[in-house]
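Just below sit the structures, each encoded as structure tokens.
Common to both upcoming complexes is chain A, partnered first by chain B, then by chain C.
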Partner chain A sequence: MKLDNIYKEEKKSAIAKLSEIIITMASRPSGLIGLSILVFHIILAFISPYIAPHDFKAIDPTLMLQAPSAEYWFGTDDLGRDVFTRTILGGRTALTITFFGSLIALLWGGLLGIFCGLVGGKIDDVVMRIVDAFLSIPWILAMLLIVSLLGTSTEVLIPALGFFYGKGIVRVARAATHDVIAKDFIVSAKARGHSNFSIIWNEIIPNVRDAILVEGAMRWSWMLLGFSSLSFLGFGVSPPTPDWGLMISNARGLMSFAYWAVIAPIVGLSSLIIGINLTADAFAKALGIDRSTKAPV
Partner chain B sequence: MLFLIIKRILLGFITLFIVSIITFVGTEILPGDACTTYLERQAFGEQLEACYRRLGLNVPAYERYVSWALNAIQGDFGYSLSGEMPIKEVLGPRIKNSLVLASAAIFIGIPIALILGIITALWRDKLPDVAISTVTIFAMTIPEFISATLLILIIAIWLEWLPGIVIVPTDVSFLELLPNIILPVVAIAMIMTAHMARMVRSSVIQVMASEYVQMAILKGVPYWKMVFKHVLPNALLPAINVVALTIAWLLGGVVVTEVVFNYPGLGRLVIESISNRDLPTVQALAIILASIYVSINLLADLLTLILNPRLKTLQIRK
Partner chain C sequence: MTDIIQKVKNLSIGFRSKKGDEILILKNISTNIKKGETVGIVGESGSGKSTLALAMMGYVKHGLYTIGGECQFNSSNLLKMKSKDLEKIRGRKIAMIPQNAGQALTPNLKIGYQIDEALQLHSDLNEKEREKKISELLNKVRLPSPETIALRYPHELSGGQQQRVAVAMALAGTPDLLLLDEPTTGLDVTTQAHVLELLNFIAKDTGTSMVYVSHDLGAIAQVSDRIIVMYSGEIVLEGPSRDILKRPIHPYTHGLLKSIPKLSLAGLPESMPGSQPQPGTIQSGCSFFDRCNFSDENCKNNSPQLEFLKDLNTSVRCFNYEKLINENQVSQTVNKIKNKSQDKEILNLSEVSISYAKQKLLDQIFNRISDDNPTVKDININIKKGETIALVGESGSGKSTILKSIAGLLRTKDGLIRFDENRNLSSDLKERDPNDLRIIQLIFQNPDESLNPNHTIEEIIAQPLKLYFGLKGEELKKNIIDLLQKVRLGEFYTSRYPRQLSGGEKQRVAVARAFAAKPDIILCDEVTSALDVSVQAAVLNLLQQLKENFGTTYIFVSHDLAVVRAISDRVAVLYQGRLCEVGPSNDVYRFPSHPYTEVLLGAVLEPDPDIKPKLVAEDIVEERPPEKGCSFQGRCSRIVGDICKKEIPPWQLTDSGNAIRCHIPIKELQKEQF
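Let's turn to the complex of A and B:
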């Protein structure tokens, strides 16, 4: 990068930088599709309680398993509840929990990774061994155990998801720190006698932030996948809360004659996950980070 | 070289040792122990005492850990709480069934992934690449339970070609199992293939851009000879590690797929034992699944080390 480019970038405000990144993301077709799906889902999550045509928990035995009609756009489920209402409401819990979950994952995973990368030595060895050990336990087993013993409240799910999806970020943040650690500005900051905290805050974080943010965006889509799998297995949000994973698992048994009740949540969940995925990919490309060779761990 | 291999193996064992501590401590510090969670409301007096004595929970935690770990190394995981059966006997057929599922998916998935990955890389940004890449993005981002549910809906319910769920006893012979496992295998192979195909693609693209390939092109080496002689051997080597990680990652996904198809493998046992609060079985499962993960990774590391002459010197310099 040329020097004057660097200067220009420094002068820009955060908002200007962000809008530039978003414009770059939207300039590719896949990025544009991803962004629009994500924005659509976020807006829907905010306004759906006000536009929902029916009560999501109103049970009516006379309306069981109705095919889609003018009154019930996506039909009704086995308890006579409106599938359209439940579908547009079904993403709210998942979006909220996984968004805050990934923030937690980003924070602790990123900071621990940077710290380990900076100090190295014995502490680094021990922490990385523990992270490796956690990585080798299948996430689903650990999550199921926690949820079945501590319950499925939001206060349990957010930290638990945040913890289990953060351990992979530790590795990424550590590797990114290793890339900058030998650079002159870090060596001179050390020579000036700056504390570890000051070096992390002023020198390392600005340089590894992009890599960690991209990783966090990707984790968000995996966490959403994990969370909906939990709901599907009956270990996520509890009924009658409308949730896509739960809806699919309930409607699955009856899908030979009421396929609409299973198709609607499937479309909702798949489109959201694909939207986040495409957005994260476009985000990575806009920041110039190649994560195509990364493994899904 | 030998030193490196031994070091890798030792690291694997250390990881497993930490896993065993984590699972043991984890099930220990969570509220309630195996007996109170299992007996629930009846957890007092005689019954609780008897349960403690039966499971040996009346000795200090570290002693229990040592005896549990020593037995686990020999393949003895104690008794399951709900079935009152040795966990070893519960696990045996389940492991076999899961292995059948996983290996079928791997044998179908790897060749297809290689072909798709190479095609998409060689015709990069052309029609074959755009078409295949779109499909692989869909296949790898959609949750396992959704693709499995859609497969059942389309193939089993609408087209009525194959049975939708597996209704067989746990210890069934392979031939009886075969028609039942086609759909689960397809569901698992689809995601795995999509992941691997994308990684093979980017690996091939990287090698295509390298200087020695450019040199080969300039020298006038025929295109396909260049692809098979210069590009593929170098591109597929880094893919080994990625394939291993993908397989290991799928251990979690197999749980969900097995539940959707009602398949009697390890994954369904995970759900069953957690629903029944059968902590000894959960501990055994955690160790076994972690061992599979660690050994797959170890195998991939060793394979890359042996196949790649450049890595040997690189590692020693480090």
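Let's turn to the complex of A and C:
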């Protein structure tokens, strides 16, 4: 048995697998860039309260709309607040809310999708038509309704965003399950008499997990954009908490003579979204899923 | 040297591994294809035969690249040619017929349109001439009524007809060289024989050279003048087809021919040990060394060169071929199957009918299936403890459907499935208790699909052990290793994933998983048809041995009559979900038999140039079983008259205890078939 050594591959722990995936991701230039941007933003979100040079809510009428200088790196806004401080702090809320939001979206969307794919038939039909019905409602209007009824607290925003962004995951998870369900190993498990729960947990989830995780990562970046839109409209974070969407909204009218107040949050927001997107793509490739050949669901 | 049409010179094709090593898929291949000659390229999966055929039309698969050598066609190297020039050659000079014609035809275009497209590209005919040419081509590939076929869409044709259309399209450009990549592999036995006969006719009629790539020596034997045997990216044997099939002088071909089950010989053929090395793993010595019965120290250290033997007109890559020259013929020894089948009945199907018809609302409410003409009807089979019964028939004969119903995966419409003489098995999976499920286990056709790719072998085999016996910890581990050893895999396989195993090893794991449940009955659904020939014999031998040790009963489904002949005690022949003939396998394979069995037996391809298939009936495909009368009336060549269309034929017993369902009296069948 000469081939033994060549094909030997021990079962790896979850950490070993994860680090292997991350190394594969980083071996691509796009993956490395994406990962670095994402990690930079996450670190920044943790340390920004300690490194912020100014108080983010200190209003000073004498310093209104100052151009960037040595003291105020990114200039000041219409209330004389430091744009740099507000920019590095501005991603924290968005990142936290959307991270937990996409976790919720993944959980309910993924599980419901797998369940529908497995049981099929009438239940699947009914559930999917309900999901379709929700997909046809413009999410932003529905969000505005929820937020104006229940307020803009984190406890409301996370589950609401999680709900609206999970609908798409249901479809992806269901489609991925349908791919697996026809395979003989599922038939074999059924013929042996395993319970539905055991089939979902042992046979299906390991085979659809990758597709769903990648979809979740993509949803994260969309949710970030969605959440910033809410803030932009004034329904996300309430002032004076620094937030990119809110900052863009405030400074947009002054763009023609105080461009600095609007450019910094735009760069922050778009770089984070690009970072997440590139990471998700590299993640997909590292797992062997080629998104370029798949039609968007 | 004008009669050489394609010249392959020192061709090496390979890829670069992650570490940067050059790994060769084809190693220094040189061969010539002469004008009007049919060359068969045979080898196991991964031997490089398809890569070689594609290179002959100047195509190298994505990810591979040419390392050296050339493919000369009309004295220009195809592998260096610009794609514009290649376009002119492909289709016009060299045409290709793919394995799966169903996928190669565009589904939304009519057959006539697709052939016309090929004609527009590859010929200079005007519209009127093209019209004529289309029906001419369809006539040539013997499709009935070309005018109507040309207006059909691919999905309206059967697999055999689609393959014929592919042949017609390839002939549209009147090519000098035709490359065929496993053109009959996905087809039924009868259709396969018909397509091969057509190819033979075309080769003679048009004088086109053909390169026929296949893993099936039976098919190769029927068409080719010369055979090239490939192993691990090298040509190991090349010579006239008769000599190679009758007197192979390379140990690999020798072993391969020995491991193919034959109709004339009951019992299991000898198997070849091991499997083909993965590309890039052989450092020195002969690549066949591991599996060779004739090897010595020299073979281990030195690689043999391809040597041309003038008196035999054959090239061989072996140091010890002389030993084989003396062994005149391939003398096949078989292990006779010894089954201790008892009189005790273990499974009884009585009046079983299965329907795929969609239930109407009312029927759904009353939980019944109403269908006057179900897919499978009136199946009565007694299965004795310890025997192997085979269900044979073409695709659509309902053999897998019956298996699914026995396993409880498909509800029956009528009838009873009884286990152990008195225990009724419900046809609904959910109503069976765990023990009912344990006693019947399934082994599937394709181990790639039946093993979860994300589980290790240990996890896969542990599932039935945990589910049925609740084993844990050390005891579980011990049982798993025990099972692995029983299927002749070592302990170190436990931590591997299915993707790291070869096809034969994967199927062994599937066998181990089935035996883990300690079942009384194992349902084998085409278990060897996805495997290479050399591995097939090993798996069959393993199944037989396990059966002898455990006294298991097998229900074996296969379309391959030779494999069925080798392993089964009794055979049931099915057509359109109705039984045609049931009996001990010795008698089913002997005349007189049901007209359908006669058709099946006639179509079997044997790796022997002297045995030609007998084409008894047309290869029409029937969509639905007939409403009344005999199930085989549509294709029967011995139809008696109206009685066949109106009345279901009676069961008749032959002298040897073989039951045939036909209106023709046994005596007359006997006269006509001998």
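Heads up, the rule we're going with is that the second predicted complex is superposed on the first by the 282 of 297 C-alpha atoms of A that agree within 3 Å, B and C clash if a C-alpha of one lies under 4 Å from a C-alpha of the other, contacts with A are read in each partner's own complex, and residues count from 1 in each chain.
Please note the rule applied: a contact is a pair of C-beta atoms (placed from the backbone, for glycine too) under 8 Å apart; a residue touches a chain by one contact, two chains touch by 3 or more.
The model shown is predicted, which means the values in this text are computed figures rather than measured ones.
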First (chain B), second (chain C), both or neither touched by A:T62: neither
First, second, both or neither for A:S136, with chain B first and chain C second: first
Touched partner set for A:S256, first chain B, second chain C, both or neither: first
Chain B versus chain C as contact partner of A:L144, first or second or both or neither: first
Touched partner set for A:S13, first chain B, second chain C, both or neither: neither
Touching partner for A:S270 - first (chain B), second (chain C), both, neither: first
Dominant contact partner of chain A by residue count, chain C or chain B: B
Residues on chain A lying within both footprints (that of chain B and that of chain C): none
Interfacial residue positions of chain B with respect to chain A in the complex: 11, 14-16, 18-19, 22-23, 26-27, 30-32, 37, 137-138, 141-146, 149-150, 152-153, 157, 195, 198-199, 201-203, 206, 238, 241-242, 245-246, 248-249, 251-252, 255-256, 259-260, 270-271, 274-275, 277, 282, 285-286, 289-290, 293-294, 297
Touching residues (chain side chain A, partner chain C) in the complex: 1-4, 6-11, 183-185, 187-194, 202-203, 206-207
In the complex with chain B, residue positions of chain A that touch it: 129-130, 132-142, 144-146, 148-150, 221, 225, 228-229, 232-233, 245, 248-249, 252, 255-256, 259, 262, 266, 269-270, 273-274, 277-278, 290, 292-293, 295-297
Chain C - residues contacting chain A, complex: 277-278, 281, 290, 407-409, 429, 432, 434, 437-438, 440-442, 444-446, 449-456, 463-464, 467-468, 490, 492, 495-497, 500, 513, 517
